[in-house]
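Dropping the structures in below, format is structure tokens.
Okay, so chain A shows up in both of these, paired with chain B first and chain C after.
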Partner chain A sequence: MIDWQSTLWVLLAGGLMATSCALIGCWLLLRRMALLGDAISHAVLPGIVLAFWLTGSRATLPMLLGAGVAGLLSTSIIQWLSQRRFVQSDAAIGITFTALFALGVLLISRYSGQVDLDLDCVLYGEIAYVPWDLWIIGDTVLGPRAIWTLSGVLLITILFTTGLYKELLVSTFDPVYAQAAGIPTRAMYHLLMAVVALVVVASFEVVGAILVLAFLVVPPATALLISRRLPMMILMSVVFGWLAVLLGYIAAHLLNVSITGSMATASGILFALTLLATGLRAGKGRPAISAQRIER
Partner chain B sequence: MPLEIRNLTVVYNGKPAIHNITLTVREGVLTGMVGPNGAGKSTLLKAILGLVPRATGEVWLNGRPMDKPRGEIAYVPQRGSVEWDFPVNVLDVVLMGTYARLPIGRRPGRAEREWAMECLRQVELEELWRRQIGELSGGQQQRVFLARALAQDAPVYLLDEPLAGVDAATEGVIMEQLHRLRDRGRIVLMVHHDLQTVRDCFDEVALLNEHLIAVGRVDAVMTPENLQRTYGGKLVFLQDMD
Partner chain C sequence: MFLVLVGLTLLGATSGVLGAFALLRRKALLSDTFAHATLPGVCLAYLLGGKQMGWLLAGAFISSLLSVGWVSVITHRTRLKEDAALALTLSVFFGFGMVLLTGIQRWGDGYQSGLDRFLFGQAAALLPHEVGYLATACLLILLVVGALFKEFTLMCFDRDYALAIGLPVRWLDALLMGLIALMVVLGLQSAGALLMVALMITPAAAARLCTHRLSLMIWLAALFGMLSAAGGVLMSALYGRLPTGPVMVLIASALFAVAFLFRYTVRGERRWQRP
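Right after this comes the complex of A and B.
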């Protein structure tokens, strides 16, 4: 017997998360910063733990704040390390996120006896719980808490990516020209990082830190295979994101496996199928990733 | 009002890349800049733009010091500075030239699109406006960059080797547009790689090799002594040029 209401909530939560990730992931991918999403998703851990420790609750807002602060801190450290040329920018990413992540693990293990917070829930999330964590004010049930959080984050993501579309476009395509033309490229970078941190943290509860990366990178990469213009790429990455959520959910039920893992796997399969459908055309894909653009 | 570069020095890794450059680029004069590889030509352009830190010196435009340009300078970077498989078409790129004039958050509209098409017409690429930029030839890509700078309609144009590796047709189109800019009283400074064509391309020329060796009318500057000082022993064959 299928609980249709719960099913719809889970699918909606996944779809909202996938949409935010696709909208912001396209820009990361085009800036050769796809792995920065991964870095942020790990580096926010100590912020979450500290927020939890300070407030003693798993309420969403303090968690978001703590993670947001840690996320911005990590991007600033990465930018500082690579701009001053202490190390290469890929090494700067590697050093920063592993160090902050490890700090988070230390904090969790130190206080795990006293707090109800474990690595599993932070790293992997559990989308199946979405329908049961309800937002209740007085006697009014407002529906699953995650739906509200994810909707708010999606709204901010849409406002950012559409409102500052032309600034994002020119500072991503040609940052040097953009700076010469007076576009605030540095501010765009920091805003983008702030929104990435927001999206990543909001997606924790739904798919967990590690699987956020799949939805940040794979649907945009799939869309880029078949898109010649950016608006089409963005639209198609949203479509691929939703498809991965839907197909992943169905597969999880049929095979009785983890829903989030199944969704991420579905996004990978969609990528492989698209690659095959485009005939493995050489030269269509983008060259190997370099992280040189981070400092801009 | 001219573009004045005063005592400009840029230091990379403890060594000066350009040293104490003082140079006035006037409107209505097509000015070229030549020098050997690593002479600091691109660095000088970037220092004018405020894209690399200046160790000393100032840049003045219209009688005022300029730290960071806010659209007064249309910059044509080297072709290799962007990813040409980026998912944008030709018109998208030319439209970026209008961004400097639009307030933050405002997107280009019909007027900007028509203006961008007009700029594409000037570089004779209007029929290719829907092409993905990766499908263009090198010369066409360079013309797209020029069209974007034309769309910016700035008082100052800085170009970094726009003729490097382009076909003859493109070279003709680019020089024609630069002459038009000059005749409309714009300040045009172009880094150039080919000594043989300096006479045909420019009114004035600056010779650069970390220091400014000489600047002025082409005939007065392009002397064997000056070229020897700019290029060192690498350029003996220039004696034959006249």
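Right after this comes the complex of A and C.
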């Protein structure tokens, strides 16, 4: 017996999350900053724990704030470190996120007696609980809380990526020209990072901190394999994100396993199939989105 | 206790040395991918039979090797760059690992404890003979790195020259990656997968800030690795409930911060050249 209503809520939550991740993930991928998504998703942990510790509740807003601050802090540290001549950018990423993550784990294990915050819940999320965590004002039930959060974040993401499309495009593909044309590239970087942090933070409640990365990177990467133009790539990555959510949910239901893990696996399988279908050798010489970029 | 201290100190030193080469070869974040990619291997090994540590670690090692193969397929055959390949591989492998982990919990006899321990490690739970294996493996890695020191150095700094004089650069590269994978797997039990990444990267990066000579950098990386590992073990022994892995990482990060301050405030920014 399948509970259709809660199934639909779960799928909607997954789809909203996948859409925001795909929209912002395309830009991360094109800027070669895919691993920054990984860094942010680990680095939010101490922010969550501290917010929880300070307020003593699992209310959504303080946790989102704490996580957002920690995420932005981590990208600023990474940026600041990698400007130095003797710190490689990959080392800067590795040092920053492991330090923050270790701090988070330490805080959790130190206060695990006093606070009821489950590490598993933060790391893995539980999309199956989405329909049961309702947002209630007075007597009116407004539906699952996560749906509202995810819709809000999606709205912000859409506003950001369409409103600043030209600026993003130019500062991604031709940073030198962007600066000459008076586009504040550094501000664009920080703004992009803020939106990434927002998306990661809103999604980790649903899919967990680590698997956000799968939705940030895999659908855009799959889309990059088959598209030559950027609008097409963005559209296709949203499609692949939704497909991964649907197929993953069905597989998880049939096999009785983790829904989010199965969605990530589904996105990986979609990538592998696309890679096989486009031909392993075909990718090299084709006119590419990445070929228009200036090599650093 | 003493045995654990010795074993982990050796582990820290080895990961420092190997991390230095990984850093210079710009493969530092490969350890991150390995750390996540071990999960499905451990779970599959468990499903295929046996809770024996050696068997589980063998599974972890094989799935790390598969993950690096997958990364190199993506970077060589598609337009995707290496960072995308690493991020894609680690998230998909980890997701598959979660599927298997929940499968183990829900299909089978309900056994689950112990497998997720690999994420964060438990140094105190190491048995004496396990420390023996750990130490042997670390010494072997150090021996290989020592024997191929010149080749690795050349490969990191002047790949074209190394190719020109006929060194098997691709094989050396593969060997280095294999050693990094082995290192991450060795640290699974004690430091935990996610925190082995820090033990590979942070001491080496700190050492890079302190010197411009390769041999000195490697000795310093080993020293920093040893200090963080030993400090982690001692602190978690002294203050009951501190987990070893995170403490090690935080000590390594503090060492990096000191090296960073030393480099950019005490000394001038421009004086030193590349090693």
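For this structure, a couple of remarks:
Convention: the second predicted complex is superposed on the first by the 280 of 296 C-alpha atoms of A that agree within 3 Å, B and C clash if a C-alpha of one lies under 4 Å from a C-alpha of the other, contacts with A are read in each partner's own complex, and residues count from 1 in each chain.
Here is the rule we use: a contact is a pair of C-beta atoms (placed from the backbone, for glycine too) under 8 Å apart; a residue touches a chain by one contact, two chains touch by 3 or more.
Keep in mind that this is a model prediction, so the values were computed, not measured.
In the superposition on chain A, contact of A:Leu169 is made with chain B only, not with chain C.
Applying the stated contact rule after C-alpha superposition, one finds that A:Ala180 touches chain B and leaves chain C untouched. Once chain A of one complex is fitted onto chain A of the other, the partner contacts of A:Leu61 are absent, as it touches neither chain B nor chain C.
In the superposition on chain A, A:Leu8 makes contact with neither chain B nor chain C. When the two complexes are overlaid on their common chain A, residue A:Ala277 makes contact with neither chain B nor chain C. In the superposed model, A:Leu224 lies in contact with both chain B and chain C.
Contact comparison for chain A: of chain B and chain C, C touches the greater number of residues. In the superposition on chain A, contact of A:Ala34 is made with chain C only, not with chain B. Put simply, chain A uses residues 224, 284, 286 to touch chain B in one complex and chain C in the other. By the touch criterion stated above, chain A contacts chain C in their complex at residues 29, 32-35, 37-38, 42, 81, 84-88, 90-91, 93-95, 98-99, 101-103, 105-106, 109-110, 120, 124, 210-211, 213-214, 216-218, 221, 224-225, 252, 255-258, 260-265, 267-268, 271, 275, 280-281, 283-284, 286, 288-291.
Residue ranges of chain C in contact with chain A, taken from their complex: 23, 26, 28-29, 31-32, 36, 73-74, 77-81, 83-84, 86-88, 90-103, 106-107, 116, 120, 194-195, 197-198, 200-202, 204-205, 208-209, 241-243, 245-247, 249-250, 253, 256, 260, 263-264, 269, 272. Listed in rising order, the residues of chain A touching chain B in the complex are 30, 163-167, 169-170, 173-174, 176-184, 224, 227-230, 232-233, 284, 286. Of all residues in chain B, those touching chain A in their complex are 46, 49-51, 68-71, 73-75, 77, 81-83, 85-89, 92-93, 96-97, 99-100, 102, 104-108, 132, 148, 152, 158.
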